[in-house]
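First up is the structure itself, then whatever we jot down about it.
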Amino acid sequence: MVARITIDTPLDVRLLDKGLSVGEALAAFNAAHGEAGGVVSFLGKVRPDGDVRALELSHYEPLTLPAMRELTETARDQFALDGALVWHRIGVMTPGEAIVLVATAARHRRDAFAAADYLMDHLKSAAWLWKREKRADGWHWIEPRGQDHEDIARWE
Amino acid sequence: MVARITIDTPLDVRLLDKGLSVGEALAAFNAAHGEAGGVVSFLGKVRPDGDVRALELSHYEPLTLPAMRELTETARDQFALDGALVWHRIGVMTPGEAIVLVATAARHRRDAFAAADYLMDHLKSAAWLWKREKRADGWHWIEPRGQDHEDIARWE
Amino acid sequence: MAVTILFLGPLRDLAGKQALEVQAPLDWSGLLGAVGPQVAEQLAAQRVNVACAGKVLADKTRLNAFDGDEVALLPPVSGG
Amino acid sequence: MAVTILFLGPLRDLAGKQALEVQAPLDWSGLLGAVGPQVAEQLAAQRVNVACAGKVLADKTRLNAFDGDEVALLPPVSGG
């Protein structure tokens, strides 16, 4: 595979307004962390639920990226990571498209798993993202839900 | 990216005697499970530990693949997976090379994480694989260790 | 010069606009007066945060925005 | 015809060979006699499993291998 993506920083945090190539991103991440014993990734995609035709994520630039960076640094320190990749889509997406890609590289498998899980549990509240769905009758904002707070409470 | 790998079965279990292209495998897996909300992967690589120059995995053909298939079916049923990929290298590998690639696709994130974790914890004992390392003074067999039993005990 | 008030997420629909320019300086009561009654009601609720010049305020009622500052109204982020 | 005994993993080094052909039928005492004292000692230990014709035996002492069967001696798998 021709690597069109290069990762040259241990913590690679990005907000993307276009589609992301998951295979290439993970190939680049693996190449950047050749010495890590374990690499875990999570890919979240827009689910084709009911009559949802599109999903839009809006964010507040001055807060979103710094918060994602801070979260990723915390995860690195807490789980002794060699590196992490945290990429989040913004803008309008259709079902099947990637929303979020997280990857963690660590010496030991358990740390890589725990860090990816931790990042996903905290990302939604750290990232200041608002979501709305387009259905047959127009756009609808997605409300906050209790599950997110429970997800974070797992780590306290 | 040109997809040179196609995945056309929900449970894709393979033993590979050559290197595997992780990016392409995961791209193919994602493409095969477009409707899954979450995809988790784990990649295990040969760690450049001390003076380890190479690692050899030997197996017993009539048991290894059926056991891996059975484990993968159990994981699918237990975690309501849309699909799973379980690829294991055999033969001689050098540090940095992939040993194992596991991917799980599920409607919900938590299931995909739990299933990948479960597969990794059970794979070593299910797979009937023996490992030896080549160091400066020759080949050494790796002994079984207690951690594996603890890993499996987490799920009981 | 002015302070820019930004309406994020669903507050944008409620305000009927994305941004609003008001005279500096701007404090909490000035903000409540500027955004219209519907947004003011949401702002008074605890779950809406306020950021000023790129920082989320620990106590939004102590807002004190100067010339050129951006004041962002941040409703709770979406679940799912 | 014959029964093939396969030495897996570290047992291969201990046996000094990868495989051995013996006369069928083969039972547990026949196996212990055929593999040499060092491998026999390992076999007697609980952690070495025995597979016959592709199935791991629940009780290896009940081995009963016929013509053409493969008997695999399976030491504990490696950790790490």
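Which chain is which? They are A, B, C and D, in the order written, and residues in each are numbered from 1.
Here is the rule we use: a residue touches a chain if its C-beta (ideal position, glycine included) is under 8 Å from a C-beta of that chain, and two chains touch if they have at least 3 such contacts.
Here the structure is a predicted model, which is why all the values come from computation and not from measurement.
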(request) Using the touch definition up top, find the fewest steps from subunit A to subunit D. (result) 2
(message) Let me check something: if the centre of a chain is the mean of its CA atoms, which chain is farthest from subunit A?
(response) D
(message) Distance between subunit A and subunit B based on Cα centroids, please, to the nearest Å.
(response) 23
(request) Between subunit B and subunit D, tell me the centre distance in angstrom, where each centre is the average of that chain's C-alpha atoms. (result) 27
(request) List the centre-to-centre spacing of subunit B and subunit C in whole Å, with centres computed as mean CA coordinates. (result) 50
(message) Give me the residue numbers in subunit B that touch at least two other chains, ranges are fine.
(response) none
(message) Quick check: what residues of subunit C touch more than one other chain, meaning two or more?
(response) none
(message) Going by the touch rule stated at the top, which chains touch which?
(response) A-B, A-C, B-D
(request) Under the touch definition given earlier, write down the residues of subunit D that touch subunit B in their complex. (result) 6, 8-10, 13, 47, 51, 54, 56, 70, 72, 74-80
(request) Would you mind writing out the residues of subunit A in touch with subunit C in their complex? (result) 58, 60, 62-63, 66, 124-125, 127-132, 141-148
(message) Applying the document's contact rule, which stretches of subunit B touch subunit A when the two form their complex?
(response) 1-2, 21-24, 26-28, 30, 34-45, 47-48, 95-96, 107, 109, 112-113, 116-117, 120
